[in-house]
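Okay, got some structures for you below.
The two complexes that follow have chain A in common; it is paired with chain B in the first and with chain C in the second.
After this line comes the complex of A and B, so read on.
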């Protein structure tokens, strides 16, 4: 465990150094992050100009959801996307050999090689917006809700990581499919809004088949602490269970795929 | 011009073959153009339920279904991605070999664009039909509106392609501006009526949308094809303004292209 942590810290340090070499980039990127957020706020403004609420979600609630969506989208692009894109490329090019040569668990190693540090802005901006929306709703941010929210976010990132790992593992079979990640982005798009807007059959699908509800809607609802948005006291437990199942299945798929991998010479 | 047309034909055949080869990938890209309007339909129809009048910008549920269904089709016809790529082309010099061809690189990109849209039709048409069956859209268009709407759709697609290509040329001056594509996309989304009919936007943004070119690419052909929304006089004015903006985009393209090329030699030198 300490070895794993120290390895992660080494890779993070390298990423920070790379990032520090291009500081001007950071300001450009921050401008882009703020732009994204403004566009999302304009969307919220437009929605609630036309209606007081959508399926029980009012404007302040939606601010929390937008904030959570930005945090998840930013977190994915900070840690998951750079690493998973690289492993997919390694599988296609045969350069995964270099990973397999290292005395380290392959799945662990491919998951921590790169971090896009400036994406922290998404976490900070999104987090601030979520807290602000929660404050507008409840006039305080209760400590227990906050802890619940953190737990739900941990579960959400676990699920997202598992989905991406599974997509990367699929590359062992479908080597030619270069933009397989579009599978994720196409469904993730549906998470911009609470799952309650969808018809019941689709809600079920987005909860248990592709657990988008656990990735965006439920973490947002947990910070609001409002029942009737699919959040029950047992929800964090279910979220962790879904995360656990997802990660076990994804690692299994990755390991089976790894056995198919024939290296650069193939 | 003849040479350009022959080149377009040759590039078109080549790109059709490439697209067929990579149909799996192409399918995954094209699905996004379905998901986004479908999600927006779900959201706005849910919003209409609690809006008092049960309408959004005078569209009821079935009206919204028609709006976002047609927007899928219009979005497919107007898709263009040069504005995302040009920065990369300029920065890495990928543009250089393209400049050696006896015709403008735009013809090659146009051929790729058309090939993509033709090949992906076979995936998206069944999904459009499925979506229509699921949501039950209400159409009121007469034969005339279908005819003029189809003309407006093609003019809008031409305008979307040419204007976004012209804007992509900003890359000659700012090759590292990766956000250019995203900014352009956001403008189309809000000012074009892809997110919601313009009348539903906050007043200041709606005012801006009315004087910008984007509504003529998206909302105008969409509303014509739904029918009963645009009067005959407004239709003619709209078609006229599409041509005005198309001419504007052409002039903008010519100006930026030749000014940019002078800079480009300096960049790569």
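After this line comes the complex of A and C, so read on.
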């Protein structure tokens, strides 16, 4: 465990150094990030000019959701996308060989190699907005809800990581599949809104097939208190269970893919 | 006990196959045909600690596949292999710590980062103690003369500089067994010579066992006392370099100095004429005919001096791989 953490810290340190070399880019990106967030807030503002609530979600609630969506999207782009993109390229170019030559678990290794440091801005901006929305709703941010929220976010990232790992693993079979990432982003866009606004069949799909509810809606709801937003006291346990199942399946797929890469499956 | 032993090793790849043309293409969507390619076909050899062995063979002969199996990247279809007592494809951490593989055509350095960052990451992955990392790095940097390129972004390095950095990163954990697949590919002749010199020194200083493949004969003749020639997955030859010509060459070169001019003597009827000057002749003849041609030459011509030689190693290799093997 200590070794894993020290390795992650080395990769983070290298990414920070690399990022420090592009300071100007950082400011431009931060500017773009803020711009994106403002546009999203404007959309919320426009919607709630016409209606006080949508399926139990009021304007303040939506601020939390927009914040959580931004945090998750930022986190994905900070840690998951750069690493999974690189492993897909490695599979295509044959450079995965160098990963397999290292005395390190391959899945762990390919998941920690790159960090896009400036995406921290998305986590900070999104987090601040979510906390602010929660404060507007409850006039305080209760400690227990905050802890619950953190747990739900951990489960959310676990699920997202599992989805991406599975997408990357598919490249072991379909080597020339270039745009597989879009598959994720197109569905993920639906997470800008709470799952409750969708028809029942789609809600079920977005909860148990592509568990977007566990990725955005439920973490947001947990910060708002558990009544009426589809969240029950057992929800964190269910979220962790979903995360656990997802990660086990994705790891299995990745391992089978690796065996195929090494020609051991034949 | 040998450090590397390989017995009856075979690797078969299954590759999709289709005929050209529109209809065949459409048909292949529904029904795919596969072809089995035996990249390595039942090879045997053993290598002792500290040996440098050259793998020679044309493209697709099975050299890289063999190296990949030995470094644990590929599972063989059948057969056995042991390196330092380990079965490579089990990929035990203890084993991977003691080997290194360098693929000249693929980079392991991070393209956007300075090489020194890739070195640091490598050191951490292998859990090298700081002191050891520092000492090894200093030593390698000095030997490879890369002090002034360490902090440059890898993408801005020349091919030669990059290759030296690749060698450096592969050796940071001081591997006992090294698999070098085309380590000098694409670099200029002077740089090739320096890389060769470095490999020789590493072998001497650390007693490392090295298997090397290269397209450049000079790499092999300069570094390897022993050669393994692979073609179509089979070993054609395994032995000392000088014996390669003797065994594999299907011909001999007869050189003669003459006392008198040739005066239209028909040399072409005896063999391939390589050199024909007034009083100096060089002939290539099939091995089995060398004795009879020599005796005919001695009878017919006023010979001052005659030598029978094995042809140069480059010629032998190119003839063997040109499909003129006498296997």
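Note that the second predicted complex is superposed on the first by the 260 of 266 C-alpha atoms of A that agree within 3 Å, B and C clash if a C-alpha of one lies under 4 Å from a C-alpha of the other, contacts with A are read in each partner's own complex, and residues count from 1 in each chain.
Everything below uses one rule, namely that a residue touches a chain if its C-beta (ideal position, glycine included) is under 8 Å from a C-beta of that chain, and two chains touch if they have at least 3 such contacts.
Being a predicted model, the structure only gives us computed values, none of them experimental.
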| item | value |
| --- | --- |
| Residue contacts with chain A in the superposition, chain B compared against chain C | B |
| Which superposed partner A:238 touches (first chain B, second chain C, both, neither) | neither |
| Contacts of A:95 with chain B and chain C, given as first, second, both or neither | second |
| Contacts of A:51 with chain B and chain C, given as first, second, both or neither | first |
| Touching partner for A:182 - first (chain B), second (chain C), both, neither | first |
| Which of chain B and chain C A:262 touches, first, second, both or neither | second |
| Touching partner for A:41 - first (chain B), second (chain C), both, neither | neither |
| First, second, both or neither for A:3, with chain B first and chain C second | second |
| Which superposed partner A:11 touches (first chain B, second chain C, both, neither) | second |
| Chain B/chain C common contact set on chain A | none |
| Chain A residues within the chain C interface of the complex | 3, 6-7, 10-11, 14, 17-18, 93-95, 97-98, 100-104, 109, 259, 262-264, 266 |
| Touch list for chain C against partner chain A, complex | 11-14, 68, 71-75, 77, 89, 91, 93-94, 96-97, 99-101, 103, 106-108, 112-113, 117, 120-121, 124-127 |
| Partner chain B, residues of chain A touching it in the complex | 28, 31-32, 35-36, 39, 42-43, 45-47, 49-55, 174, 176-180, 182-183, 185-187, 189-190, 192-193, 196-199, 202 |
| Contacting residues of chain B [partner chain A, same complex] | 22, 24-25, 28-29, 31-32, 35-36, 39, 42-43, 46-52, 56-57, 176, 179, 182-183, 186, 189-190, 195-196, 200-202, 205 |
